[in-house]
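Scrolling down, you'll hit the structures one after another.
You will see subunit A twice below: alongside subunit B first, and alongside subunit C after that.
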Partner chain A sequence: MLRRKRILVLLVPALVLYLALFLFPAVQSLWVSLHEWTGFTAKMKWVGLANYRELLHDELFWMSLLTTLKVLFIGGVLIFFFAFLFTFFLQAGVRGRKFFRAVIFYPNVVAPIALATFWGFLYNPRFGLINGLLRSLGLESLTQTWTGPDLIFGSVLVSLVWTYVGFFLVIFSSGADKIPEDYYDAAKIAGANRLQMFFHVTIPLTWDVLMVAVVLWIITAIKLFEFLFAFSGGIAAPKPLWTNAVYMFVLSFGKRVAIFRLGYGTTVAVTMLVLIIAFTGAARFAMRRERVEF
Partner chain B sequence: MPALMYSKKDRFKTAIIYIFLILWTAFSAFSLAWIITTSFKTNKELYAGVWSLPKGLNIANYVKAWNVVNLKRYFLNSVGVTFVSIVVLIFLCTPAAYVVGRFKFRGSRFLNNLFIAGMGIPYQLLLIPLYRLIIGFRLNDSLFGLGLIYVTLSIPFNVFLLSGFIRSLPSELEDAAMIDGCSEITTFWRIMFPLSQPGIVTSAILNFIFLWNEYMLALVFLTNDKRRTISLGLYSIQAAMQYTADWTGLFAAVVIVMLPTVLIYVVLSERIMAGITLGAVKG
Partner chain C sequence: MGRIQRTLLIVLLVLLAAAMGFAQSPVKLVYLSKWNTGEKTQEIINDAINEYMKDNPNVTIEPIWAGREANVKLMAMVNGGTPPDFYDEDPALIENSVGKSGLMVDLTPLLKNTKAWDQDKKVWDCFSKGFFEPWTYRGQVNCMPIQQYLTVVWYNKTMFKTLGITKTPDTWPQFLDVCEKIKKAGIAPIGLDGGVDFYNLYYFSHLADRITGMNGLKKAIYDKSGNSWDDPGFLKAATLVREMRDKGYFIKGFEGYQFPAGQIDWAQGKAAMLLIHTYMPIEVKDNLPDGFVFGSFPFPSVPGGKGKQYDLTSIVGGVGIMKTTKDVNVAFDFMKRLASKKVQTRFAQEALNVPVIVDVALPDIFADLAAIMKKQTGTFTDYSGGPGQFEPEFAQAIMYPLVDQLMFGKISPADFIKQVKTKAVDYWKKKG
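Here is the complex of A and B:
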């Protein structure tokens, strides 16, 4: 056993770096959130729970929290719906399933800033692709200010759904691929149609995968930043796109209008962690059940 | 699932499935095709028709993006920072993953959970304390500092992915080496590290995609425009659009940013998708 302890040497470099520059700052943020700090002076000013009290009365915070929840729930429902639908399609024996899957996944390897640039142009009200197409079809009346305050959230949500459906499709379908063919044969003999097979064989047997996918989406949705921030020109990101992640960044580093409220920004970041813990905990609890072995 | 059966009703359903799949896929393919064709247009051509094809292969946008807007420099910065980070991550995380994945000792479960916890912590939470630390070390506005941050923040995912892979390796060779009198550490470097190669390659590819595309951390920790990474460079070009209105130039820059990850994806799509699911799907 003593001999075995030497193996821990292999662990030390990664662990030290992880503790020092990841977990230590993460824990320290709880401390920083009790301070006011502009970043220009070395010393932070202790304000106790004042930042948390301010959160309660901060309309921008509540607005951004609501937007975060909209991304999480509306986005989540749409993404999981389409990911299921495509998993079902691809399991139904279509030809070229690898090709379809690969193309649907592709936005996930592209820089969010590049995707945001493309979608920004697509939605551009003056010379964008959608309005351009509508005009050339003589449907001038259907053109919209897609990036206006009323529509921008929906527009961006569509592009997020387009991006992440591929990600969850890949996760679901690789889980579904592991189910032995016999189960489907048995279901077929019992007279099940394809949809019934999907709901009574595929979903129960990939329940663990589904649970991991839900947890992954919760984490992804709450920390989502780059696409939202880059959409329609960065710092000037319009308010309907401010999630907690964007608001935190604007408070802390929003460069065009310098705010530099680093202490308060950290307080908002703490709420993001609370959201992640609460929602992943709730999802795990709601989806718990005995594991099906096969 | 069994192949489609061709009754009349089924044929109708099958048609709907294909139409839906083809529409979605066509849009995805179109997005890529449109970006590439637009990057070869002049702005005049673009304003004349956003849906039209370019008249010829006009590479002026690329020349301008590469030289004048200085994407060349950003590209090289990114190549340097991602390449060094990936190599460091391999030598840092594979040994750690071996210990976490292969050995049971007091606290080994806790340790495993400690690494996994990092995947649930949003970067925003540590951004400001980390900013203070990095400024304290005078590593802000340096590619070395950014690389250090990239490496650190990638540790949880890499340890998770690699330990999952290492757990799946057979232990006969390892046992044989130890019986032959190799120390655990020699056994690791001589036997397990080479055996882990497929997992290492997968994690390296995924690290490349994540780090190449990353711009939030670069935006916080870099100020000098000479040190910008490629994604941050594109971000700054995009942010300056309201002054330049050079859309086709912007899309040439978009192509330059997308090209490396898309090319890797074209060649290794199955491996990348398998890597993404490694954690989610057991066994």
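Here is the complex of A and C:
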């Protein structure tokens, strides 16, 4: 009993910080979303649920929500597929495992703005590396306007996958590294091949790690902003790249064409929070398993 | 020394100290700027601040070089109870943020009654007649412009000479002829960063104003009934834009050009002309090939149109004073230096800005521009983004997406006008 009380006392500072830095702003955001507010005045104008009603008929909101969901699901599937694939190969005893892992992780240590600029150059229709490579191989007919309205989302998605695979690879690998060799030895004796060992030993024993990774990706995808915004040279992200986070920024602060509707922008932010809670809750529910201890 | 004399001396010394203290009472002002450290304009403003502090030791001006997200910084400062004294931004952005909220000092009386720093006239009179009209909101001047950016068509004179183009086009048919000639020479007639939606609006907005009259597009945007969009001039403007696209006058793949790729390609001779503000030369100056000579001409007139060839559109950058300033007179005393001949000359020569006051020489690369400005028949609000927009939500929700679709060949000119009208009516209904 005394021990429990001590633990509770020790938890108080963290709880206070959590309430002050997360819960209070979240509740305040909900309050702001019920107002019309430029963000520059002491008083906000109460509009009740009008901002939420406006969202229902706001084409840009639905367009940006669709883009957010495409990033979340299509991007998520691709990132996890490649992260698993690389984990499989690296766990299979490739020489220089740490080196390859560091190389694949590398994009995560570079600022998103620098990455966006780098990919912008790769995709440039005239002097970009991709079209240049196709031309040098005599495949002029395959050159595309990669960052044109029809292809820009797919092009940016490829660069996002390239960026984030390394992050999730490191998470999966760190989980897989903790699995005792005995399990693999036993699987080998039982006649399992590497693929079977991956699916029947590695994945089940890293299930908790996988669940954390899914939650992290949901949060990352729904909040994704800098990379997309920077892709246009930082002036005005093309509309196919507008996620909810970009739209919220445009509504609230903007850059060169600023709208200053902080109340309405906060409404979009609240929907993002709801999305995060809903998707993480759903993911945790769908992925619940009996805990495997080893 | 007698007691009375001693007392008098002490009183005198106290009074003197008090007077000195009063005269020298320290004032600290904060200057929030949209410029980044290292930009030429920032360096010039910083020099002006340092010179002012040297001349006025009791005044400290603390600059905050916040870059183009200065509005985000401003919001945090205002809400944190520490607003700056100066806000350096585009007048439209100032109006849409702190102007409408009633937080800015109306500069009109200060501009009209204060003597200029290095000229024997009032600050107001240093600007050309009517200069402040486009930047007056609700009868109030929130900010004093210090840089000006006119919109013209840029070209490389050397390239035009090589192509045998001896005269720049005055009218739209002449412009199309020039485009055709350039295209036949294997060069893209027009460079464009199509990834920037407000750059894509440039051709439609200029054509619309040349046809329906200057600021005709602005009037249509504010027409709550939407009837203005029935003016055939707008359909004609959209049709001419579409014709340019269909004839392949924009650089191949312009839809995918992300800033600044398009203007760099133009500078390197991959495209012949570029419709953009006068801030462009300083952005491309490090990418120019040998023999490049800047040339410019005003957007051509359209036969039968109401807008004139020398009616120019412009955006400006300026400085305003917030009402919470510690000392409005000291603040303006500093600010007027930014509109002085000395500082404006530096802006022109070093930062390649068009001066806001009269009688300041333009740099050599603006030789054509100087000639254009001599014939200038009016200055009008620019539509196409720039640092500010008079109706930003309309632009983001309606004009930019639809102009993109028109420029990218996704919708016809008739569909474009129809959709703009329908959405404009809905927009204003929503706004009440």
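Miscellaneous remarks
In the analysis below, the second predicted complex is superposed on the first by the 268 of 294 C-alpha atoms of A that agree within 3 Å, B and C clash if a C-alpha of one lies under 4 Å from a C-alpha of the other, contacts with A are read in each partner's own complex, and residues count from 1 in each chain.
The definition used in the following text is that a contact is a pair of C-beta atoms (placed from the backbone, for glycine too) under 8 Å apart; a residue touches a chain by one contact, two chains touch by 3 or more.
If you're wondering where the values come from, they're calculated on a predicted model, not measured in any experiment.
Applying the stated clash criterion after superposition on subunit A shows that subunit B and subunit C collide.
Of the two partner chains placed by the overlay, only subunit C lies in contact with A:Tyr123; subunit B stays clear of it. In the superposition on chain A, A:Val209 makes contact with subunit B only, while subunit C stays out of contact range. Look at A:Phe253: by the touch rule set out above, it reaches both subunit B and subunit C.
By the document's definition of touching, neither partner reaches A:Lys70: not subunit B, not subunit C.
When the shared chain is aligned, subunit B comes close enough to touch A:Pro107, but subunit C does not. In the superposition on chain A, A:Gly39 contacts both subunit B and subunit C. By the document's definition of touching, neither partner reaches A:His200: not subunit B, not subunit C.
One of subunit B and subunit C touches more residues of subunit A, and that partner is B. Subunit C runs into subunit B after superposition on chain A, and of the options 9-17, 27-35, 81-89 or 135-143 the stretch responsible is 135-143.
On subunit A, the surface touched by subunit B in one complex and the surface touched by subunit C in the other have residues 39, 120, 233-235, 253, 262 in common. Listed in rising order, the residues of subunit A touching subunit C in the complex are 38-41, 54, 59-60, 120, 123-126, 145-149, 151-152, 231-236, 238-239, 250, 253-262. Note for the complex: subunit B touches subunit A at residues 1-4, 14, 17-18, 20-21, 24-25, 27-29, 31-32, 34-35, 46-47, 49-51, 92-93, 95-96, 98-100, 103, 105, 111, 114-115, 118-133, 148-149, 151-153, 155-156, 159, 183-185, 188, 209, 212-216, 219-220, 231, 234-235, 238-239, 241-242, 247, 250-251, 254, 257-258, 261-262, 264-265, 269-270, 272-274, 276-277, 279-283. On the subunit A side of its complex with subunit B, the touching residues are 3-11, 13-15, 17-18, 21-26, 28-29, 32, 37, 39, 85-86, 89, 91-94, 98-114, 116-118, 120-121, 127-129, 132-133, 136, 162, 167, 170-171, 174-175, 178, 184-185, 188, 194, 197, 202, 208-209, 212-213, 216, 219, 222-223, 225-226, 229-230, 233-235, 245, 248-249, 252-253, 262, 265-266, 268-270, 272-273, 276-277, 280.
Across the complex, subunit A is touched by residues 68-69, 71-72, 74-75, 78-79, 93, 96-98, 100-101, 103, 193-198, 252-253, 255-261, 265, 270, 385-389, 392-393, 395-397, 400-401, 404, 408, 410, 430 of subunit C.
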